[in-house]
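Lettered A, B, C and D in written order, each chain numbered from 1.
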Amino acid sequence: MVNLNVDINGLKLKNPVLTASGTFGFGLEYADFVDLERLGGFIVKGTTLNPREGNPYPRMAETASGMLNAVGLQNKGVDYFCKENYPQLKDLKTNVLVNVSGSCIEDYVETARRIGELPNIPAIELNISCPNVKEGGMAFGTDPKSAGEVVAAVRKAYGKHLMVKLSPNVTNIVSIAKAVEDAGADSVSLVNTFLGMAIDVRTRRPKLSTITGGMSGPAIKPIAVRMVWQVAHNVKIPVCGLGGIVTAEDAIEFLLAGASCIQVGTANFLYPDATVRVLDGIELYCEKYGVKDISELIGGMKQ
Amino acid sequence: MVNLNVDINGLKLKNPVLTASGTFGFGLEYADFVDLERLGGFIVKGTTLNPREGNPYPRMAETASGMLNAVGLQNKGVDYFCKENYPQLKDLKTNVLVNVSGSCIEDYVETARRIGELPNIPAIELNISCPNVKEGGMAFGTDPKSAGEVVAAVRKAYGKHLMVKLSPNVTNIVSIAKAVEDAGADSVSLVNTFLGMAIDVRTRRPKLSTITGGMSGPAIKPIAVRMVWQVAHNVKIPVCGLGGIVTAEDAIEFLLAGASCIQVGTANFLYPDATVRVLDGIELYCEKYGVKDISELIGGMKQ
Amino acid sequence: MSKKVIRDLRVIGNERIGGSFFMLTLQSEDALPVIMPAQFAEVKINNSVGTFLRRPISIHDVDYDKQTIQLLVKIAGDGTATLAHLREGDLLNVVFPLGNTFALPLSGRVLLVGGGVGVAPLLFTARYMQRFGFRPDILLGYRSKSNILRKEVYEKFGNVFYSTDDGSFGEKGTVMQHSIFNSENFPYTEILACGPEPMMRALAKWALEHKVECEVSLENKMACGIGACLCCVQNTKDGHKCVCTEGPVFNVKQLLW
Amino acid sequence: MSKKVIRDLRVIGNERIGGSFFMLTLQSEDALPVIMPAQFAEVKINNSVGTFLRRPISIHDVDYDKQTIQLLVKIAGDGTATLAHLREGDLLNVVFPLGNTFALPLSGRVLLVGGGVGVAPLLFTARYMQRFGFRPDILLGYRSKSNILRKEVYEKFGNVFYSTDDGSFGEKGTVMQHSIFNSENFPYTEILACGPEPMMRALAKWALEHKVECEVSLENKMACGIGACLCCVQNTKDGHKCVCTEGPVFNVKQLLW
């Protein structure tokens, strides 16, 4: 028997497998394929203070080993979440985290505060890295100062576990991670999507209505692993790693690089049961290589 | 007949197809597969003032739709180039550019100066973006101020066409491009490789001797196209686009985004005749879509 | 809606049926879930380097006894071209059944309208109606006589009318130019349609003008197919709706066309 | 070295030959270029999603009349597994012939030593020697009797000695434990070897100690295969050398083992 429990700075997960916001809906979409309670937890779609219609169609383009999206945080707002989604999720025996987005500090703070009132949401993931909204979003996550400011403000209004999701579209990811740590984050997750674009050469038009969008999938994994490795060796708070994880081996690569837990994102579209495939694969790997406790893998890369 | 000529701020190319430094050797390696004189030009391996042995093996890892390399600018130094390589290249009826690298400003300047004395090298590509060397390299290319300094210094010592190659590992590629333009660059090329890493989960060791390396190939194309689009709309000097180009359609995507010429890199490893495949495909595309002059495509994305 | 499944289905037939069309017959080891007309499958294409995401394909026909589903596919690019090369015995990983179904009663005087590969979901729709004792009329539009797909099968389930662009079979012109839409009285209470967007837009306009109930099945680009990613949205009078779960079938009154 | 070509070769045979080994026979429409012993091909594997770069595979045998080359391949991962599924008539895009050849004379008393899939280039080496009237001795190391590949073909070209780890055929133990290396006099003037790195390191050590000329063929990871990328370097007494162009064959005196 392998011990897969991890403790992310007080947030207890039965295993390190979470899902990435925006790729797992509200979890229930996957209930036909996945026993949700087997997961370490899942992170629901980006939630904002007010409802958002998101960006116009087309919002998606396929790329080599990846995809671009320009959903633009379509969601029904935090109150709808509290009233309609939360009751369906609150009794699940797993960790349900809410991904909180905003276009100004006040919005982030107020959304976080309202989520904070829900007893069975143990943590939020603060999204300061969405490339698909005009104001806010990624702008906060690409500058240490403004990243620190929004985290500090939310920290005051939110008492539970505060995970902050970082943008990879930066020169120095460590400086952002440190700023966020100093401002009171309990953990960081990385990476969000890379800003990319694609043009249809037949029509000469951009493939996304917004021209640029966020790139995800296996294509980005090597950059994501590098950033996780850099951050994990330079901050004290735990790191949640993601970006292109499809298989258990991918997940283990992030753990070896220093992540304490991981998120499965775009892979859910390829295999709606990707999360349990990854989970089963991690267990198998541990058995095969004589790993008794998942903590042996975390940061376990040999040099 | 399609007119494929482009004029890159005085540098005349018979077509927009160049090759990316480090992926095309000194050109002659490809002579069995490609009529070198058909190309708009080619850019030879990164050259430094003194010989360099490069990094230890292993230097390469395959990734999803891409690869990591950690060659580390192995080369025999500028004098060897001038004495041994240049004579073999100087009579080719195409543009041979030298990619100039260094670990301090003085090295860049002196290497550029020596290359400047070779009558049949019409331009250099200044590599301020190599992620695979400890000092210099990418450090210059990730900060507008130091990027501007090295370009200004080389500008003084080098009178011919000065193309500056930008690193994509930055928050704001436009600010770097502008700094380089202000410092006297004649054109910019982008992108160099993305800093990434990969771990072998069986051995738990990094797949590269240097842990991190540079990622290239189709995986990075959407990010590269986005950066080219941003830069082309914010500087006046021409942009040479690259990153993941394998097919003519890929090349045209860069042209539509605003590149005046393109470079074929990693694709040369997949198909040693990739450059002529791209060139033939561009011509075919122009015929099919009634494009009379390649300049109609440059920046031709409709919004 | 019934439970969705992810399954490796075995290819037991892959038939070229003219032009760039082929028909895959896929067998499941376990009993099939309940499948409704217009539902679709998301197919994982493993050995096409250019195909990252699954491909949505309508369920063309269902045989619960044999535990088979059929997909009628047109080669549109790398992914579908790779499917065309599948051989008997190969496995195909499929997520199904996905999407909603027609909301209008399938019991009145129903006209099914299809164009090109849009005819795919109509066969199972007609078969489904037969099970409840109804027989739709079916209007199929093709480019030319040689493009007509599986003529006899459709004719088992309803009266089939044809229009071809070049007049080589049935009436000449588009489906909208067919006499059905251009005679004094229109005998149907509902129209259910699937086909290229321009055809559906023209049909929607006609139906709204003539106050005939009309539902169309849309084909937006999808990433997940199960309502999780919000990529496939169609703008409607009630805002963005997911084509994969709130569609593919929409009443034309809902659309902002 | 002869001109390198990039060609679509037609698969005219793909034979499973025990365990995870198979042999591809590939035919060229045009005359083959001149191929030397130990040269290799870079094979493009198109329909494996996990395989981005070409795969280097030694040229196992050559038939200039039939315009065929053969590759002896061991399934090591996705790429080689995909090759194992090629069927007659499929096309395979191949860049060849690549690399150097043995520099030692292939005319003296030559011992060829191979282990596992490292036996691949030795067949063509022996055939090449025969053409000039020479007959090498060949020592092949395998895990077990059941792993022995193409026994009769090697035996056509030389006396073959075997060692197996479990002693089920030939002498028990590794090739280095074979009596050839452990008797009073060693009758060969040169050793040419290909196999797993530990075997080659042991052989190199022995050859240096016993002052016997020895060349080994290495298998570093490659991206381009033609000397352009500088990824495949081997550290030698003269610095980094490209295994794809300055190798795959190296004299053990050159190596820093």
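Assume a residue touches a chain if its C-beta (ideal position, glycine included) is under 8 Å from a C-beta of that chain, and two chains touch if they have at least 3 such contacts.
Since the model is a prediction, treat every value here as computed from it, not as a measurement.
Contacts with chain A and chain B are shared by no chain at all. In this assembly, the chain whose C-alpha centre lies farthest from chain B is C. Mean C-alpha position of chain B lies 36 Å from that of chain D.
Separation between the centroids of chain B and chain C, computed from CA atoms only, is 48 Å. Look at where the CA atoms of chain C average out and do the same for chain D: the two points lie 54 Å apart.
Multi-chain contact residues of chain C (touching two or more other chains) are listed as 49. Multi-chain contact residues of chain B, defined as those touching 2 or more other chains: 61, 63-66, 217. Arrangement of the chains shown, judged by which pairs touch: one closed cycle in which each chain has exactly two touching partners. Applying the touch definition to every pair of chains gives A-B, A-C, B-D, C-D. Remark: chain D residues 46-49, 82 touch chain C in the complex. The touching residues of chain C, when paired with chain A in their complex, are 3-6, 44, 50-54, 93, 95, 220-235, 239-240, 245. Those residues of chain A that touch chain B in the complex are listed here as 63-66, 68, 142-143, 169-171, 194-199, 201, 203-206, 211-212, 215, 217-223, 225-226, 229, 244, 249, 252-253, 256-257, 285, 300-303. In the complex of the two chains, the chain B residues touching chain D come out as 22-25, 29-30, 32-33, 45, 53-54, 56-67, 69, 71, 74, 217, 266, 268-273.
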